[in-house]
Amino acid sequence: MISARIGKLALAATAAWGMAFSAAHAADITFWTWRQEDKAAYTELFGDFTKANPDIHVKIEAFDPANYATILSTALAAGHGGDVLHTRAYGALETFAKAGYLLALDPKAVPELANLPADALASETLRADGKVYSLSFASQTLGVFINKDVFAKAGVQPPATWDAFLAACKALKAKGVIPLANGTATAWMDEVMASVFINPFLGPQFVADIQSGKASFEDKRYTAALGRLLELRDYMPPGFTGVDYATSQQLFLTGRAAMFAGGSFEIANFRKQNPKLNMDFIAPPAPSAGAPRYVSKFYDGGYAVNAKSAHQADALKLVRYMGTPAYGTKFAALLGNISPIKGVVINDPLLAEVAKLNETSMPYIMAVYFRFDSPTGSELLQSGLQKMMGGSATPEQVGADITKGVSRYYKPFQK
Amino acid sequence: MKGEWLKNGAIQALLLLNGFVMLYPLFVMVISAFKSNAEIFTSPFALPAGFDLTNAARVWNETSFVLYLGNSVIVTTASVAAILVCATMAAYAIARYPFRLSGAVFLFFLSGLMVPLKLAVIPLFIQLDGLGLIDTRAGLVLVYVAMGLPSAVFILTGFLRTLPGELEEAARIEGASELRIMLSVMLPLARPAMVIAAIQNAVPIWNDFFFPLVFITSDRLKTLPQGLSVFMGEYNTDWGVLFAGLTLAALPIMLVYIALSRQFIAGLTQGAIK
Amino acid sequence: MKPAASRRGAAAARRRGLWIGFLLAPALLVMTLFVAWPLASAFRYAFYAFNGLAASHFIGLENFRAVLFEPPYSAWTLRALAHNAIVFVALMLVQNGLAYLIAFALLKALPGHRVHQVIVFLPVVLSAVIVGFLWKLFLHPLFGLVNQALMAVGLAAHPWLGDGNTALGSIIFTNAWHWMGFPALIFLAAMQRVPREVMEAARIDGATDRALLGAIIWPLVAPATTIIFTLTFIGSFNWFELPYVMAGLDGSPGGATDVLGLYFYRTAFGSTSAGLQDFGHGSALAVLMFIFLAVVSGLALRVLRRREIEL
């Protein structure tokens, strides 16, 4: 019955649309993505799908990530675009969903939505109508990568508290190693690094206070935590304000730096670039011994269906397939990312560790709560961090700028 | 004169220094294409450890390099040719015939320079879609012609204005038609400006990947920068491959420029009054 | 005037009109279809509120008010505009000034000048992407040749692109390296049209090179200066690719390299790792940039043209 309804929907859509965009044959659907490096893995995953659904072939179109949003929004505005679309999460998803470009995923039509945890569903929900528009594909965890060999050679133990962290940095630096690979030249990496180190100082109570309006980013807890980052400057690469993301990665990969504050999305990439790298992914240092070491967590994005797709029934079939534990298990194994689907088996030891760290996690605050309106918390924080680390702003100024900027739309701060 | 000799020596030395500053980065670009990622980061300016062609081979084997190259050649040549023809005609009308709206027409063309055409990507897409030109080379060429016309009209008008009127008048008295005057009297004198306008447009068109990314989806129609951008996305942290790709993409137009440089310079200096 | 003559006159005028129309038609058609119309429809968005990516309703000048007067947007707009102005002045002085001198040096036709003409223009054929990459590597705080050279002579290394005080200057320098050949050859082409007799006469009168450059050549190449000034002005205020490659969409560090082109692009198309797409604000910015450029370059052209005619 459901499929009959979908079939009718698809028929209506086809009629309304007139002609399919790409002159593909009837059973061809296209998947649009910005993950060019994952093309091979998706080809394999979709191969499994076609084995189960011999009449549906999936064609992958991978686009330049920097221009993906523009390409996608332009095509969708003209009524074109892929049938199944890779979308981002949170505010970026909302811009597409609000415009009516995506098909709302009805839990009856896509029962696999029940396989996802609540925060994953929330990341792909349009807050205005409460409907889910995309099926989450991966969660990302922010923490600290360490090079075990470099640590062993310097005779340093991976640190568990902030003081131990600074002591370890000092010891590593004395051995001629750059303790922390991160630079500040690439704006978004500043937010990643900041979140890694400040979240354990903030704790979940701070997040609750921000949401209720009891605290703003001018709160002592926040500015003091930002101030901690200044202590790291001695242990970052020389000239770190000019060190960009690619350089930081290389410093860590070549063993010139001992640690790299980053996201679990690096794991696959690091392994590909240096298969011999003996690395570990650990939680950031706790403010004091025994306190929880919160990692930051967020969802990357999801799989959505083009509202004007001529093959909606087939597209939905593919999305349903991508919500199954079997898909998630293979996805995690092939791409080295954590699938949020319940019942997924993670065999990779490092990924399994990350999954374990997720049990003590906090949201990646700006991405999860403050990327829905302009100016986003992320733009304000990233620019503020670059100034602060470069010495031209204080933590208090950064906190005040963010609070002032987001107050434009954030109700709890408007009191 | 000794002073003159000394001064010319100093000028020559400065020109040599300038030549070095201009060429050295290009040299680094080429040697980087032969290096591994680690080598680029640890010793970026040293000669490569070996004449390693793996990076270039990867670009060559894993993309349809020749196909993309062919598309880029077709699109760039067609666009530049159309820009030159249309812009020369329009500039000639504006520069050589006083007519009532000439100022307004000139400003209309110039206004196309004032704002990035990227802004209009959605209306452009819908426009091309309506004409059935999405995912065609012709559509891309039309967009490039539109993008290049303003600066070409501007440069050509500026040069055509400076041509002396006597030649034109003399030809007119002899009874030559306006078309004949334009083609065989005036335009040969405008060659330097046409050469400048052609190069000034060919470079950004050759290098553009934004419009093909949005307007072209078929692999067989992709241009070189577009095709390579996908490839480089897959190796986004492998700078050796990146440099190999960038060098291979830049090489054709550099070779064409060097091969044609004699004509190019001759074209520029042809207007010289000896 | 006799009727027959005036009829002949009218026919000639009509023929002349047709001929001018024929010359203008193809260019005007393409411009109207693929520049004027699409831009006009994009400009329309400046007057609309947006619901995500789709325009929702007309809001008059609200978007303009926001980008001009509402913090933090107003501060960002002003900062970007100031940076563009710096870029323009610096490029006029450094890039075009040097180009003028190099053109003069080449005009002397010393041995090797032909090769140098080819070399000086070579970077112009490269894409901004490759030039940006190369210079990022040269200016790199850890491996960059610039710092290695500084350290070799006992000076301190400096994160050129990471320090807010030097980042914009570094990108301007790179732009000058990339584009200098273009004004140099335009100047050279113009200088070669200065009649030899004029220069030789001046020399016989004892004019030095400096006097020659300032008093004789400079006024005579006025049309070339008009072209270079206008293109540099418009290019500086539409500056996008090089800062995008070297400093990122956010104008790192902390907005020290933010220019109108980046700000407009970031606003209209969004930055995946920080901001959202806001076509309303983005279009308003583009309209403002358009008006500013059209008014200033219109006025400048008037002044520059008058200067050309006076000669």
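Letters A, B and C mark the chains in the order given here, with residues in each chain numbered from 1 onward.
Just so we're on the same page, a residue touches a chain if its C-beta (ideal position, glycine included) is under 8 Å from a C-beta of that chain, and two chains touch if they have at least 3 such contacts.
All figures in this text were calculated on a predicted structure; none of them were measured in a lab.
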**Request:** Have a look at which chains touch which and call the overall pattern line, ring, star, complete or other.
**Result:** complete
**Message:** Can you check which chain pair, B-C or A-B, has more C-beta pairs in contact?
**Reply:** B-C
**Message:** Using Cα averages as centroids, what's the distance between chain A and chain C in whole Å?
**Reply:** 38
**Prompt:** From the C-alpha centre of chain B to that of chain C, how far is it in Å?
**Reply:** 15
**Asked** Distance-wise, how many Å sit between the C-alpha centres of chain A and chain B, to the nearest whole number?
**Response** 39
**Request:** Would you mind listing the residues of chain C that make contact with two or more other chains?
**Result:** 140
**Item:** Interface hub residues of chain B, defined as touching at least two other chains
**Value:** 41-42, 122
**Fill in**
Touching two or more other chains in chain A are residues 65, 70, 73, 77, 247
**chain A-facing residues of chain C, complex** = 51-54, 71-73, 136, 139-142, 147, 157-164, 248, 250, 252-255, 267, 269-278, 281
**Item:** Complex contact set, residues of chain C against chain B
**Value:** 16-17, 19-20, 22-24, 26-28, 30-31, 33-39, 41-42, 102, 105-106, 108, 110-131, 133-135, 137-138, 140, 143-145, 148, 177, 181-182, 185-186, 188-189, 192-196, 209, 223-224, 226-227, 230-231, 234, 238, 240, 261, 264-265, 268, 282-283, 286, 289-290, 293-294, 297-298, 301
**Fill in**
Within the complex, chain C is touched by chain A residues 65-66, 68-70, 73, 76-77, 88, 91-92, 94-101, 183-188, 191, 237-244, 247, 251, 371-376, 378-380, 382-384, 386-387, 390, 392-393, 401, 404-405
**Fill in**
In the complex, the residues of chain B that touch chain A are 37-38, 41-42, 121-122, 125-126, 129, 134, 209-210, 213-214, 217, 229-230, 233-239
**Message:** If we count contacts the way the header does, which residues on chain A are in touch with chain B in the complex?
**Reply:** 22, 36-37, 39, 61-65, 67, 70-71, 73-75, 77-78, 80, 246-247, 249-250, 254, 269, 273
